[in-house]
């Protein structure tokens, strides 16, 4: 699933440490260490699944004896009431990991579910819905993975794998042309240079300067259409700013190539999923 | 602000590493390292502020020359359009830290703002609104701090600083009485023992067994009132499960002492705050 | 055994790094990597065992081929001369881990053994013998686990899972009543509030203020009895300060509920245990 | 003081994290963050001071505003009742760091004080009293530093900076001669080769084989004298095993060059030191 | 200098820990802690400087009292015999940090110096000389920074900030066209897609498939010229494989846009720089 | 192989994180996760192998399904064109680990190969060729291991496991005699004291003072012979400074016991090794 199990493992460990601290007082006091349990993971609402491998890994970090049987995989739609997977193993590992595992899964599935709602709105348009860097600190890999599971795409992962020239960079460099030129000269040739513009004049300058992509900041659908006409396929165009479920369809129809939506990751609600264990 | 600057500092460092990775390509290519800037932090909607010290610390980790002037402090209401603080220092530090700093602040203020909405609904009732452990993995200290800034209270921080006996613990121990007894015998005497019950019979057994607090799971307002009457002040009662902005007022009026709401931390939306820099 | 294998594993790794540094010069120079060995762990004095799982984990971190056969488990009394367990596996892993493994085991069993001596002195009194936070820096989880293995109980694990209001908190808050009130209002409802007092007047104020537990600091047995009489069961009472093997029995008879002894962890002597390996 | 502030700083941070966890509930609830305090560190018994810089660094990690005035320095004898130093700064930093700082100082001064007792027993003999690797896991640098402050010397710090050939190495190598030969050929030329022997025949073989130092394991004073006579100054001799305050003087008089005592670090008692704060 | 002081600081700390271990025995035994020193950094051969800020930071990690006076900055040519900078501060910090600081500086300046040799060979051609991922494990940021200081450019920093489709990816995807298509659909739009080809047919397919850059693997100058003619400016072309100081000029003249040379980082020799301290 | 798998594992993890970052874009986009591959490791030039276990561990960190078949082991000479080992397992793990694994192996084998060239030059002389601390920061354990595989020996690993008194230590201590005396008194008795001298007078003083080894800095072969004659076997002598492949034979013949060469680790070139995978 994730590219880098190494990073993911370390994030899961931190989350477990955060919840367990000096020990699970309740489980240690009341649960026989030899007790086994079987737990069912149930969707309490219809959702797009994201994070199931993370969910399972949480328990396996607590006990290598944990076994899981999966009925769905990430990216699939699960209907309300359906059983997502079944976990079997030491009851204390299940109880200790439950909240942490659900916190990952409910957040990630929440993001995937919200993303799919946006994607469905865009419908048949050939537009790429992308996320932003507005993610929960420390959880970016998870948040952006969830966007992909919901049918969206990722914008750059951080400041290191893409150039996005904004107003402050432009004013410091003197002009769009200068800023693009500086970036093209200095960054690896494997990286594209994207420029954020606020009007059509700037769009034209960015294209002329050799921008690989142009971000159209906070433009109305009307203005976006003009931008599409002006660019005329010379560069991919990204619409950004103030986009929501109400206006995304209209914006998709303007002909832009990419639409970025911060809400996918900064304001998704956790979906309702429960884990119910029975002792064996 | 936070109790433990040591933990907070390490979380901020991780978040910066996540965004900066091998370097901010854009800023490094276009911004003169000697350029200074001044940035204003503006509320784009009315909000309860939480996380300002974290916001500032992000920049100070990037440069010790960063100076801030604060116009508000955590816990205060900021009206739409008001200026929250002003940051002055090296422009590249401001640009590199901007997104990470805002990600912290917008999430935390989002939680504080939502919490205050709940607190205001409860109104004059003598009820303690508390959070849960349904927080973003790795960010629990921040999430729970934000709840306090919004006027709420914290439930236990993790599995280590409170006992909460649930159905699985009860069935493993044989009965509520046994489970409470085991917990009371084994956990430090500084920790209270809370029991989750689903009906009045169980409530009575928990009280008899010596529970320090009882959580009433998913009960209707009517049932909650009966529970309050039954308990008659013998233990504090916590209402939990399915509580939202529509029904919290009614639940508060049942006479319970504590109401816990997972949504405070798992489904708060980021509030809209912007940072605008001018070069000096 | 321990609640959190994650934390324990990281502490053991640190301890191994501390001893191995850039490598075990002697073993690397003289021991054939293919040589197997069998080692017996022998009690050189009668002791209460604590830390056997830690002892074994040290070796297993160095080689997954290590196998152990245990003849005792933590919490049991081992007589002088008895064999505690047998380790079989690569000889170099046994030799490299020996000192680190014994350092854990001898310290922990030393604490457990001393604790049992105190517990035996208390005899039939219904008193809970507890430890303090006077533990070796970095080893608190191990030290406090060992106390439990010796028949003792744990006081709070740290500053985060219990309130203990001392003189400085009282003077800053203005009075015992104010301090208790502040604590009760601010800390999670899962945490008890304990107050340290030095005389009976303060005890009465603490009880009136709603303290959940009261610590009687450095009181004579006579005074402790008066305190028990005054409290009359309204709150659990903890005797603390200057308690040793000579006076603990007398103090236990005063009727206090809890006795805390710092020496359990800050001044326990290592017990004598040896590991003897034969090549296979 | 310590060579490597980097390592020391990281150990102190771990210790603080261990005690503070998610926060100091009591101090946060009751102490005004602006309150300043002054604390006196007092010797409750006569002791050899060790660890004062560590003690102070604990507080400075919590607040850079902490100032200290030192009346003694490490290695000095402090009489019962004397004031060791004075700490001034934010009251909450003083209260939060107190226990951790004292845990370091009391353990280290305990080791230094015990070491001095041994050193004084040896008296005028030209013998080097050394420690062993029987230290608290994770605290070896601190424990061994304390031994030096008490007038003792350090044996090797770990398995990496000295060769000590024991019975298992000898039997695996075939003979003392082979083992010494292997070690001399393989380890850096900056490291000495020490061999542990149990009788005089083995001593002679070790010397012939070119051992740089020989450890005489568990020999009686009589046998030690014979060993000294046999060696006749060809190599330094270390007496080890079963040495205590009762027999060390006699052993020192046998003419051995080095005496190693595990009890210095594995069984030293914490000395009694208190910190008393007054609000300013 | 470096973008991310946070990462750099942690690498320097690791390097210091590696050299200092449990302490600098020699300096601790012989140097008075109060002794100050002044050290001159001298070029023993003509070189391109890279890593001076790292060099200085090593010492400042050991003591905040270290002051430096710089006579050159990174990227400048220093003639044999010239003084690069002067360090003043505690003598023990200078002696403890010397080797680690020089190890960084000599390696980085070695890479920069070698890079400049290559750049000078290329001369007036409009070719971008780039590095590869053939760097010392753990030191990539330093190695690649040094390439820039020598006048070279960076290829992608790792597997995460650029796509380079090689033979295995092509055969797994079925064809160049499929592989490019998969990459273009899945990776962020901020990333370019580069394809490695071994003949002109593949070059044509890659261009048709929409590759943003094409790497021409191990082609002769003659073949490279044909590739340049075939591409005719449709995509930037990178020559790679078997390029050295003897043939780079000829390759540069073929008209390719980029030349990558692994030797810049995997086989640069350390340049000769010495640090000479005098006590003050 | 290495003594301490714990340290080695952590260095490999860091190297993988450095290359993988937020994920291998190319492999993730184009390789089916279920695809298996078999890769052959081929020597492209004749070399001394060093680092094969590290090479394999890189892949096994990415997937526990990786299996290797080794045809050579560390320390052996591999002829150009020979196959070193074969790796079988998930294709994506092979592709993701390839560059990192080769970076370790090529550097280490480069050092071993260069070392063997030096060792062969020394020929039959009874001289120990040793490395220095001039290693790549963070890679010292690997670099020094490679020297041993090439037939060389290690000098001290760091500042912590050997004393080397240089001019600054001497001038601070007042004289060679004082410096040796201080060191002998303060460092563990397991450590030798080496002194660096520049003339024969100093050599004599060092020997008289009790130095265990003397380093002869930058002396001509003629002068080295005089030093050997003067020492007359009283202490081992180490020649250091300005030693290269041209003069080492002559220096070896002077009769010194040890020759140290910094170039072994600071200027070895990576050897040419390739990994070629075929899908299964």
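When the chains are written out, they are named A, B, C, D, E and F in that same order, and each has its own residue count from 1.
Note that in this section a contact is a pair of C-beta atoms (placed from the backbone, for glycine too) under 8 Å apart; a residue touches a chain by one contact, two chains touch by 3 or more.
All figures in this text were calculated on a predicted structure; none of them were measured in a lab.
Enquirer: Touching chain A and chain E alike: which chains?
Expert: Where chain A and chain E share a partner, that partner set is B, C, D, F.
Enquirer: If you tally contacting C-beta pairs, which pair wins, E-F or B-C?
Expert: Pair with the higher count of C-beta contacts: E-F.
Enquirer: Could you classify the chain A-chain B contact as same or different, where same means more than half of all interface residue numbers appear on both copies?
Expert: same
Enquirer: Among A-E, B-F or A-B, find the interface that matches C-D: by residue number, over half of the contact pairs should be common to both.
Expert: Over half of the C-D contact pairs recur in A-B.
Enquirer: Averaging over Cα atoms per chain, report the distance between chain D and chain F in Å.
Expert: That gives a centre separation of 33 Å.
Enquirer: Roughly how far is chain D from chain E, centre to centre by C-alpha average, rounded to an integer in Å?
Expert: It comes to 45 Å between the two C-alpha centres.
Enquirer: Report, in whole Å, the distance between the mean C-alpha point of chain A and the mean C-alpha point of chain D.
Expert: That pair's centroid distance is 52 Å.
Enquirer: Send over the residues of chain A in touch with two or more other chains.
Expert: 20-24, 28, 96, 157-158, 160-164, 191
Enquirer: Going by the touch rule set out above, what shape does the chain contact graph take here: line, ring, star, complete or other?
Expert: The chain contacts form a complete graph, every chain touching every other.
Enquirer: Residue numbers of chain B touching chain F in their complex, please.
Expert: 21-22
Enquirer: Provide the residue numbers of chain C that touch chain D in the complex, in ascending order.
Expert: Touching chain D: residues 11-12, 14-15, 18-32, 35, 37, 91, 95-96, 99-100, 102-104, 106-107, 110, 133-140, 157-166, 168-173, 179, 182-183, 185-187, 191, 262-263, 266-267, 269-270, 277, 279 of chain C.
Enquirer: Enumerate the contact residues on chain A facing chain C in the complex.
Expert: Residues 13, 16-17, 20-24, 28, 61-62, 96 of chain A touch chain C in their complex.
Enquirer: Once bound in the complex, which stretches of chain D touch chain E?
Expert: Listed in rising order, the residues of chain D that touch chain E are 2-7, 140-141, 157-158, 160-161.
Enquirer: Of all residues in chain E, which touch chain A in the complex?
Expert: 128, 130, 153-157, 160-164, 188-192, 194, 212-213, 236, 238, 258
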